[in-house]
Amino acid sequence: MNIRTDLALERHEMLPREEINGVNISFEENENCRATTIEISSEEGERALGKPKGKYVTLETDSFTDSEVLCDGRLELLIKSLTGLLPREGTVLVAALGNSDITPDAIGPKCADCILATRHIPKETEKELKLPRLRDVAVISPGVTGKTGIETGEIISGITEKIKPSCVIVIDALAARSVTRLGTTIQLCDTGIEPGSGVGNKRKAINRETLGVPVIAIGIPTVVDAATLSFDLTGKSPRDSSFSDMMVTPKDTDIITSAGARLIALGINCALQKNLSREEIISLTSA
Amino acid sequence: MNIRTDLALERHEMLPREEINGVNISFEENENCRATTIEISSEEGERALGKPKGKYVTLETDSFTDSEVLCDGRLELLIKSLTGLLPREGTVLVAALGNSDITPDAIGPKCADCILATRHIPKETEKELKLPRLRDVAVISPGVTGKTGIETGEIISGITEKIKPSCVIVIDALAARSVTRLGTTIQLCDTGIEPGSGVGNKRKAINRETLGVPVIAIGIPTVVDAATLSFDLTGKSPRDSSFSDMMVTPKDTDIITSAGARLIALGINCALQKNLSREEIISLTSA
Amino acid sequence: MNIRTDLALERHEMLPREEINGVNISFEENENCRATTIEISSEEGERALGKPKGKYVTLETDSFTDSEVLCDGRLELLIKSLTGLLPREGTVLVAALGNSDITPDAIGPKCADCILATRHIPKETEKELKLPRLRDVAVISPGVTGKTGIETGEIISGITEKIKPSCVIVIDALAARSVTRLGTTIQLCDTGIEPGSGVGNKRKAINRETLGVPVIAIGIPTVVDAATLSFDLTGKSPRDSSFSDMMVTPKDTDIITSAGARLIALGINCALQKNLSREEIISLTSA
Amino acid sequence: MNIRTDLALERHEMLPREEINGVNISFEENENCRATTIEISSEEGERALGKPKGKYVTLETDSFTDSEVLCDGRLELLIKSLTGLLPREGTVLVAALGNSDITPDAIGPKCADCILATRHIPKETEKELKLPRLRDVAVISPGVTGKTGIETGEIISGITEKIKPSCVIVIDALAARSVTRLGTTIQLCDTGIEPGSGVGNKRKAINRETLGVPVIAIGIPTVVDAATLSFDLTGKSPRDSSFSDMMVTPKDTDIITSAGARLIALGINCALQKNLSREEIISLTSA
């Protein structure tokens, strides 16, 4: 396979024919956003799309950098899609993957700065302060293996065993096939993180099997592999091996990454804290 | 107790008489540094010093900001003291506590940036690259509870259970009684972190009992509690309750904190990687 | 003088008698904020308050950290006070002083991240994009002399001569006498920066005389000098000379500083961009 | 021109024939580094290379990330090349261009953190502290126009007029044609910054003509324009217009950028402070 993409939607577009047994596709749309849900329920579907059985929702949105507040149809469809994947109750552990030193890989850490952590707030404090009842949320940025010496999955697994969440949400930067996906796409799925996905490209699986609880992954494509671009341009694999370590990003990748991180954080905070108003969440969602 | 200090040495100085059963004290000195080792072996000693049984080494050094390279007698005595507390073999987990957003509490995170993480490097890679045999080291910055929703101890415990180190080194910023301690003092001990110590002042115990492996704590005092200062100046507790949330720090706390973090990192890297030369470690120890 | 404060209001409180020729004082108040305007118009007033002739507005507000959106009476009185000091037209240069590496001195740089810079946007672009007419604003963070080798005032003066603004707004962290001022106070004045004020404590004058245009200073007290605290507690100067390099700050100084910086940035953006709605400015005011 | 490169060496490689009147080329080499000096002295040479008359030195080095200390032949040839371009005496202003929020554009700001600023140190202090005589150096990071509202050249020009340096050194990230240049190349020249060069791609000229003093530019290529890569792969301009806003960078661009910034800072500090030993400079050159 000479084309690399972490997006189920792009893999689906690459299929020779549209209809496959055990692959179901449906759409929803509003003025700023179109959601495509691909559901894989057969092994034939797994093979065809190169992804495990489960639900993949891709949001195609107006550009994150159109300098709007992002609190429009995009946010609404993100909240709805995420709510559909989340268990109704129980502590949620948000694990923000990526390297804060590499702009297009910093989606996770930037997002973590904006997620409301609430698990440590005693119930008595909530009552005293007359806060609305908050859902327990924990947030970690495990860092990258090159700096910690530990697999990201091991860190998340160790904490999962300690705090026993009802579900884990993993946030990560993704690779797309097409540069037009950058800054305009969000993917949610209920199958966690696949081996080899992400910008850093060295992840092991982080999913229900490895953690023992449901794992929802939310990702934003921020790079295209240079080798994929080269293949798409020339129709053959690049002879220059240095391409394999190169990525293609927009020149304003910092603005796209920050806007995308804020949009995801808003979506997670809204989906988890149903007792807070939209206005309260917007004002609380800042690093 | 109106005086707050995390330093065993300062607690010892406050004792009405010098000799206590089960409290042993010894000294070592070079041109830049004096090491005082206080060993508590009795319950009487525990009560007198308000600290659990164990070994406490306080290094009193030339000012961290005397713009030298720090690679002098200070580093040598730090390496020697740390080596004396460390198990000879096995993986070491370094846990860097503190809040990178508050300068005097950022010792841990700044230090973590400079510790060599090696546990993920496959033995075959070491052989291929003809690297000297490296000791397995893992490094985490668990962040602060207000942002994660998780007790720091829970995070470290979860990871400890996963990677099963032979020992944990915890790095933290401390509170001293005297402002003259700031920028000139390092404390090492084999009893871990006590409840209520550190700059953030809300830690639960992190020690052999809670983690199941030996826990070495390395700390640098970077603040004096304003209430302690006030008591020392006036001989009574401050009436103004707002003092309890105030800390006293040097105006150049950023320089002191950075220099202190680098010194600790150098000491840890040298004590753990005995197969690398001093020069190799100095050149590798940069954020 | 054993008491250090950059607040005209605290200097006024220290006067032996309230009435002084050429010192006029007036008040305005709403539910979240009280504004005290001290106007010094005589040399007697200058001597009594130790401040040059001009207008000093002190806002005493609800705590910045009461976790509200800050967009209440505080913001309204800040906008009104600032509008009263600003020239109606012309480019405004915002100069954000301070050291981003020292939390309580980082008000300026944090604020600069949130000020809308508009001077570079071509008028044709505004028309094409159908933007409302924006006032020309330039923003600089000149850094600290220890890192640049240049006096802050020299940098601002050099840029002022190039871009010829109708006025300069200087943002700085201040020292107060009382710890109760921290996180609850904003000072505005039309006399610029005095020598020796600020957290770093080494500023030279930055004012109409040195820059050739009106200079408005906006400051937030974030520290109390340890020597001042000591004097207030004991009634005499501290014998311990190390006090002179120490400052007292709240333990949550990072949260106070961030909230204060955002409040000032909101105020400046609202006061300067009268053609944008409050909602537009709030959504655009993020780092 | 479908190929974009800021490197004189790459432009020279693109020439149909090697010999051009008024273009002189010479070489020097050691075990880690090869220096190619291209001197353009005729208008024919200017047209052929698309660069103004002057001296361009390109250092082709071992990879910055070969995890050595960098203090080898690379540093020596960098110091020698820079010394050859610098005036012997007088204050030097170092201006570090670029956006610290975009990893491959952050060479300048990262470098500025490591340059020794000395201009503010009074001569008496040097004598008292028995420091060797230091050359006056000032350092600024002017930021990017989108955040300041001011052209970078205006800021540098304003400060130049204030402090009247004998020369300005401008540091910037560059675009190369070939990905093999990334992390292995440094360019020095005495013609300053050309319009449209750099990663941000919007610079106006910063040179002797605009500043009134000699301007030395030091740059490291950290990106390849996606449109250039596409042209090189396919032989024609990309039809997809989104390519024009895309850049190609290595996946470990953070490590390359940090190592490159440190190497340049070491070179500048050594070339400017001839009275400090290599060891003193290495120990002082840290952020």
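The chains carry the letters A, B, C and D, assigned in the order they are written, with residues numbered from 1 in each.
Operating definition for what follows: a residue touches a chain if its C-beta (ideal position, glycine included) is under 8 Å from a C-beta of that chain, and two chains touch if they have at least 3 such contacts.
Just so it is clear, the structure is predicted and the values come from calculations on it, not from any experiment.
Both subunit C and subunit D derive from one sequence, and where they touch, over half of the residue numbers involved are common to the two copies. Relative orientation of subunit A with respect to subunit D corresponds to a rotation of 180°, obtained by superposing CA atoms and rounded to a multiple of 5.
Distance between chain centres (mean CA atoms), subunit C to subunit D: 37 Å. Averaging Cα coordinates per chain places subunit A and subunit C 41 Å apart.
Of all residues in subunit B, those touching subunit C in their complex are 99, 101-103, 179-180, 199-201, 226, 229-230, 233-234, 238, 240, 242-243, 245-254.
On the side of subunit A, the complex with subunit B involves touching residues 112-113, 117-121, 136-143, 145-151, 154-155, 157-163.
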